[in-house]
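Note that the chains take the letters A, B, C and D in the order they are written out, and that residue 1 is the start of every chain.
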Amino acid sequence: MFNEVKSLNEECGVFGVWGAENANYLTYLGLHSLQHRGQEGAGIVTNDNGKLMSYRNLGLVSQVFSDQKNLYALTGNSAIGHVRYSTAGENKIENVQPLLFDFTDDQFALAHNGNLTNAITLKKELEQSGHIFKSSSDSEVLMHLIKKSNKSNLIDKIKESLNTIQGGFAYLLMTRDSLIIALDSNGFRPLSIGQLENGSYVVASETCALDAVNAKFVRDVLPGELITINDEGMKIDHWTTKTKLAFCSMEFVYFARADSNLLGINVHSARKRMGRNLAEEYPVEGDIVVGVPNSSLSAASGYAEAIKLPYEMGLIKNQYMGREFIQPTQELREKSVRQKLAAVKGVVKDKRVILVDDSIVRGTTCAYIVKMLRDAGAREVHLRIASPQFKFPCFFGIDIQKKSELIASHKSVEEMRKMFDADSLEFLSEEGLVDAIGLSKDRNLPDSGLDLSYFNGKYPTYLYDYADEVEKDS
Amino acid sequence: MFNEVKSLNEECGVFGVWGAENANYLTYLGLHSLQHRGQEGAGIVTNDNGKLMSYRNLGLVSQVFSDQKNLYALTGNSAIGHVRYSTAGENKIENVQPLLFDFTDDQFALAHNGNLTNAITLKKELEQSGHIFKSSSDSEVLMHLIKKSNKSNLIDKIKESLNTIQGGFAYLLMTRDSLIIALDSNGFRPLSIGQLENGSYVVASETCALDAVNAKFVRDVLPGELITINDEGMKIDHWTTKTKLAFCSMEFVYFARADSNLLGINVHSARKRMGRNLAEEYPVEGDIVVGVPNSSLSAASGYAEAIKLPYEMGLIKNQYMGREFIQPTQELREKSVRQKLAAVKGVVKDKRVILVDDSIVRGTTCAYIVKMLRDAGAREVHLRIASPQFKFPCFFGIDIQKKSELIASHKSVEEMRKMFDADSLEFLSEEGLVDAIGLSKDRNLPDSGLDLSYFNGKYPTYLYDYADEVEKDS
Amino acid sequence: MFNEVKSLNEECGVFGVWGAENANYLTYLGLHSLQHRGQEGAGIVTNDNGKLMSYRNLGLVSQVFSDQKNLYALTGNSAIGHVRYSTAGENKIENVQPLLFDFTDDQFALAHNGNLTNAITLKKELEQSGHIFKSSSDSEVLMHLIKKSNKSNLIDKIKESLNTIQGGFAYLLMTRDSLIIALDSNGFRPLSIGQLENGSYVVASETCALDAVNAKFVRDVLPGELITINDEGMKIDHWTTKTKLAFCSMEFVYFARADSNLLGINVHSARKRMGRNLAEEYPVEGDIVVGVPNSSLSAASGYAEAIKLPYEMGLIKNQYMGREFIQPTQELREKSVRQKLAAVKGVVKDKRVILVDDSIVRGTTCAYIVKMLRDAGAREVHLRIASPQFKFPCFFGIDIQKKSELIASHKSVEEMRKMFDADSLEFLSEEGLVDAIGLSKDRNLPDSGLDLSYFNGKYPTYLYDYADEVEKDS
Amino acid sequence: MFNEVKSLNEECGVFGVWGAENANYLTYLGLHSLQHRGQEGAGIVTNDNGKLMSYRNLGLVSQVFSDQKNLYALTGNSAIGHVRYSTAGENKIENVQPLLFDFTDDQFALAHNGNLTNAITLKKELEQSGHIFKSSSDSEVLMHLIKKSNKSNLIDKIKESLNTIQGGFAYLLMTRDSLIIALDSNGFRPLSIGQLENGSYVVASETCALDAVNAKFVRDVLPGELITINDEGMKIDHWTTKTKLAFCSMEFVYFARADSNLLGINVHSARKRMGRNLAEEYPVEGDIVVGVPNSSLSAASGYAEAIKLPYEMGLIKNQYMGREFIQPTQELREKSVRQKLAAVKGVVKDKRVILVDDSIVRGTTCAYIVKMLRDAGAREVHLRIASPQFKFPCFFGIDIQKKSELIASHKSVEEMRKMFDADSLEFLSEEGLVDAIGLSKDRNLPDSGLDLSYFNGKYPTYLYDYADEVEKDS
């Protein structure tokens, strides 16, 4: 993956708008600002007076619509869009969303951010009763359940179906006359509603997309909510009232864009507090503080301020790195990695560097970055990680589903330190992370309000299809 | 131009290597790390045992060589490459360098960073004697002079020709048996030499390109030098000894990549010192310090440290902005600008923001950024510019050649402040800039060693073809 | 549609191979030679030891696989492929075949040439029982029926499903261990089996694709046959024995490539005989005989030989016409049509031209061609059509489903003659066509063995979902 | 080269228009219809009130302008355009024409069809006096000579320069106020002038391009003429009066489009007469006559009519063959050739085939085609070539410049027959060719009026730089 040096991918971003001119272009802008949530593919479905039409393809938003005709052919005043994460080797356009379903006498489109934990079981059951799936993703299960439901109206069908699926989901559904929004009962994934100047509603995975279309923030979607937006306005309903907030902590640590507010909390500020707390928990003597660009820069500046050391640009990222970049032959491999990220010799030479990274997942780039700093003349490299040890896989929307891929799950801190050749290595405590985010404080919650299972293995819900896997993998 | 919000473009970057396997790929890597110096076009000429071959096209390095065959077809152990700046509307491949000249019984290639001040006169004279130019750039004049020279050997022809041209130039010339390097007598443009592990020499506009190919820094090319690299090694000669260092100060302020060292001075560190000096000269009461990404981040962090205020990410740049991005219709224009740069509401809301920018050129984006911050809730916006007022055009390699384009040349500070709707506006003093860069100190020079004409109109050399223009334009 | 001046489109071409190295490239070659049967999209599914993988996209075969990686990534020794016809405005990749179905524990791919006449009814029924379709084409119905069948083994499920669908179909099904071939009970569409040198079986819509991969013709697939090819060889079975040959006469008249043999009869030769019969039925005084390129050239040369007049190239087709061709503004429209087809002034000037066309569908280009010939100086233009009047739509695999689109269904011959401004206009008789094709003679059939409903409205089978439409449209 | 199976390439086609709206699109249409004369690259220069602007690139006309913006950016009412032939491996955009020369105070563009025989000498001389060439083609020499001329006005400079160059040339020159046309003193290359409805003049390599823009044919450009078209109309002048018509016979045999008239003679008709004469000279017993598509179809039909045998489509060309076609690995090579051209089994099986080809150049495909016909079941294959033996290279505009490449120059007819495995092989006589073209008859010339040097080695002019080569090569 070329965008970040870390192989940790969000599954998706979603955007929707109802009743606004240029719905196609607004959705394009919205998706563009959510591009960090997925670079594999993108698509838009618009609704032109009850007729749904779609365009989607593999690539970045700007590449998918590099021929403008494909965007402007999507007429109508309402739309939903989706960006999908990037994996190597998979170029299946079938999985690019939104999925548009053409029934003989109806149309229905769906965009999903998250991951269902009982999709495998449900899919198998549905197939046994004759259902055929068009994509290999789990997102389509909901549509089949709705189609199969015996309830008399669509909202009841949807409610029944949502009560059947398990896991993390932020769903946007476009019908001929409404935009329907649903969030899982734990609110794992972010989803916010805004309003354009003319009063039209927009919905997006992150508030940065509301800003991108100049929409005013209205409210976050809450766990268990089922919201219908149509020409009569917005109606907030619930598909379940058994809810318990367990918002994905990694959205704060790594995924979300720094300018987004998640549940009212600014991401950059939270990250900066993670850096501050980390400095208080694990101070160290050094000359300069350096962050791994781009995701760790906020935490690094927080660390630097707290410990009163200069915050320096000791690593620099090439902003022109793209998919077309020619990968070198094996012998030239090392030179290529240097193209994404470079150590700034003039800054780190002869310095004791405190290197702040937001998290360690596979650990493959950590060793490389430390070496790069040492080659550039750093006298010492102290690694400080602005989140706890990432030991447990995620089943609610991030593509890490194996413990074996997580270095912290099978190495001690000291083993990792040696592997990375760092002079010291420390991780932010769970308490430090919870405090930095400040959700429980902010909302006066009985607990953290966060899904911290990455760090402690305590999953907020039963894992269904993945329950055995977690056991086995341990 | 999509890469930075400021319309200030470097003319070029150059890279060369002699006697190394994979010369094509090394040059590709080198140019890739110099991409910030020019995004309009790129090209490579390789030398395979005396046979020169070329590929060049419009676009980014990775786009020009998106079909790898075009790169790998350039065989040989030596190469020069070039990246060229981006201008709107001009898509003339003729001007993309290196220029390869196929004579009936010889070949010669040339890559140029800079601008000649007597090229118009020379070109006219040459045309009158029958010469025909293949490009509309001034870079080609040197080749015509060499061709026309009556001296008996190539080096003497080159020396004679270099003594005829005036202005700023860093030239790489590839002949069938040598890589020849020349720098103007003021050393306006940066040019550094490094060595690969196997001893092969490389040369590049900035040291970040030496790092990119894992080359060790050897020395900077000095004003007036004429260096020949061939199979027998490197030979340092001079085409003139009447030299006076006047290095482009804007390379430190804006152009160069933060990890490069210019004349031994790290760019990020110099920028940070500009920020510090600015804080000392013009402190102001505020809550947070914010830099305009990406070029002003170093200066902003320096300001923040000096004034002991938090350095915050109050503006964020979308890293997925590319040429394919669909420009909106007029009515949606404002939304589009927001795509490149966004204010971070959660950070700036209710805050007194000290906004640090590296320089003000046309001033068009300044007003927009202040408005964006105010819309995002900033209570006050104090603008601090980490360089003096940019009042005079450049004729040595940057595409600003008209005073009328420079807002500071016809507006007072107070007029600009009002225009930008800033609560205050201050510029770093010339002394502050000179001190921050530290070149005279470092080298014990009689004066600054810098070209500061942007700020004070004192051009280090006579302007020839442009002399009248500066007068007239005033 | 740019390939022919006539808007008459075949729905598809199919190709399959079992047990041969380079199955991907063989299928690519096969599809390439079937390109005339469909230019909208193309796809290939290969089978690598039981794992099915797919690539498909919009465009010509060579465009779909312009990035060779996409072809070579399809590993395995067996494959099926599909080319799909071109319609304006529709760029739905969902409809490009082969359709690959990923079940939780099985895979299945399907390629279809033809049109089902009860698909609408079946689809509606299936949807009511909860099925969801991935494409808007009718091709997918078969898969749903197979999935739903209660029979105990796959072959029985397929037989039951084939007995449920109605209409014209040539189906290739790829399972994990077999390539299964089915033809409808009337044998509307051509389908032939060949063998590579190593004994591997291939199957293709036309024999030109067998030639393209150097395969020996083995046999045509017969109406009602269900053929299984796997590692044990070829097994010929029947899904029904109630069959009656009614081969599409328009395949002979227009669709098939001249070098293909349909049911053992060479297409070029049949067309030439159509021309001869036409000359015998409707001779006329003239100077030269001219055919409309490319499909009418055989008939024109037959006409010329029979009437003993020179066969001349009075019209010429630009072979470089492609999709990228820039359509002119309205005022320049006429000049553009001239780009596809041009009259040869030097040939037709002052001549009495006998213009032979294979058929008249909408009639839009006829008037234009006659005008072009007159503008080029033709003294007389006698139009001779090498097939009967095309009055009735097709429901078995060609995209003309409305009588109103067919000029002969609502205009008399004299009205058409006037419209086209021809000096005379005559059509080959039905008997002349049947005799020219010679199928009944060749096979000693009780009737023509052809579907002649285009001309006489006598559909070989009940039309199901379209029965009313034909009535209503009349 | 994918367009024809024969590797014989025309060097170029040119088109020009003065004073017409949509000059850009008209030139696009004109070039499109001249595409057969060159597929390597294309370009257009327009003149908008004295400002010349250019776009050119590698590829077909429709590919070069696949982004319409590039065409519509070329504003103005006058234009010249050029298509260039295709060679393998060379992708030098520098050589794509028209060449646009930007002088400090003037602009000048040039498009050239032909080849200069003293360009090497002239180029060397010019280089010695300091001139630098931008392209490796010979077309640029004229511009340098004009630039160097001491004459007082442009027309005199051009006349002087034209009198300095030797060889074959059809030149279009665009100045700020005129379109200037020049043809060499032998008139080797075709060049015709037409008039649009509004009276604007157009000029093109072939009349098919006049037809393409709906222009009326006015006159052919004659040897030695220098024509100026500007706002005052057309002025016909001469740069020399020592002229002798020696029109390229291969234009009639192979290059020109069948619908073009060359010197008033229709190409298709001439080819047909070649076929007739060939039949009279070399009749043979056979069952059918088959032509090699597309260039030999006219000759084949002429042969068939003369010998009273059926003219059949025994070979078919795939019209979808394009540059993107994936070339197979060595082992699959044979299958690929079959993709361009296929034998029609149903036609040739058990037949004695008389195969008519327009010419034999390298002979490589001949053997292949005979084998293909035999594999398809042909009982006998009699090869008849509708032109004399091609024994001598061309130096006036076709890319065959070595005798060693021409099989007829070093093999006897019997040797060739054996090599091709043909049952018999005969070539049209020189007299037969001259008679078929009919130029001398038509114009009452003292000799043929044709350049027949391909066949008899008698070059109409001294060969200058190539004189030795022809000797040496013999």
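Assorted remarks:
The rule we apply is simple: a contact is a pair of C-beta atoms (placed from the backbone, for glycine too) under 8 Å apart; a residue touches a chain by one contact, two chains touch by 3 or more.
Here is each chain with its UniProt name: A, B, C, D = Amidophosphoribosyltransferase.
If you're wondering where the values come from, they're calculated on a predicted model, not measured in any experiment.
Shared contact partners of subunit B and subunit D, listed by label: none present.
Counting only chains that touch, the fewest steps needed to get from subunit A to subunit D is 2. The interface with the greater number of C-beta contacts, when C-D is set against A-C, is C-D. Farthest chain from subunit D, judged by C-alpha centroids: A. Between the Cα centres of subunit B and subunit C there is a gap of 60 Å. Distance between subunit C and subunit D, defined via averaged C-alpha coordinates, is recorded as 37 Å.
Chain centres here are Cα means. That of subunit A falls 48 Å from that of subunit C.
Among the residues of subunit A, none is in touch with two or more other chains. Contacting chain pairs in the structure are A-B, A-C, B-D, C-D. Interface of subunit D with subunit C (complex): residues 3, 22, 25-26, 28-29, 32-33, 35-36, 39, 60-63, 65-66, 68, 71, 207-208, 211-214, 257-261, 265-269, 272, 294, 297-298, 301, 305, 310-313, 316, 318-320, 322, 324-326, 328-329, 332, 334-336, 338-339, 342-347. On subunit A, the positions that touch subunit C within their shared complex are 55, 57, 70, 91, 93-94, 101-105, 120, 123-124, 127, 129-134, 136, 140, 143-144, 147-148.
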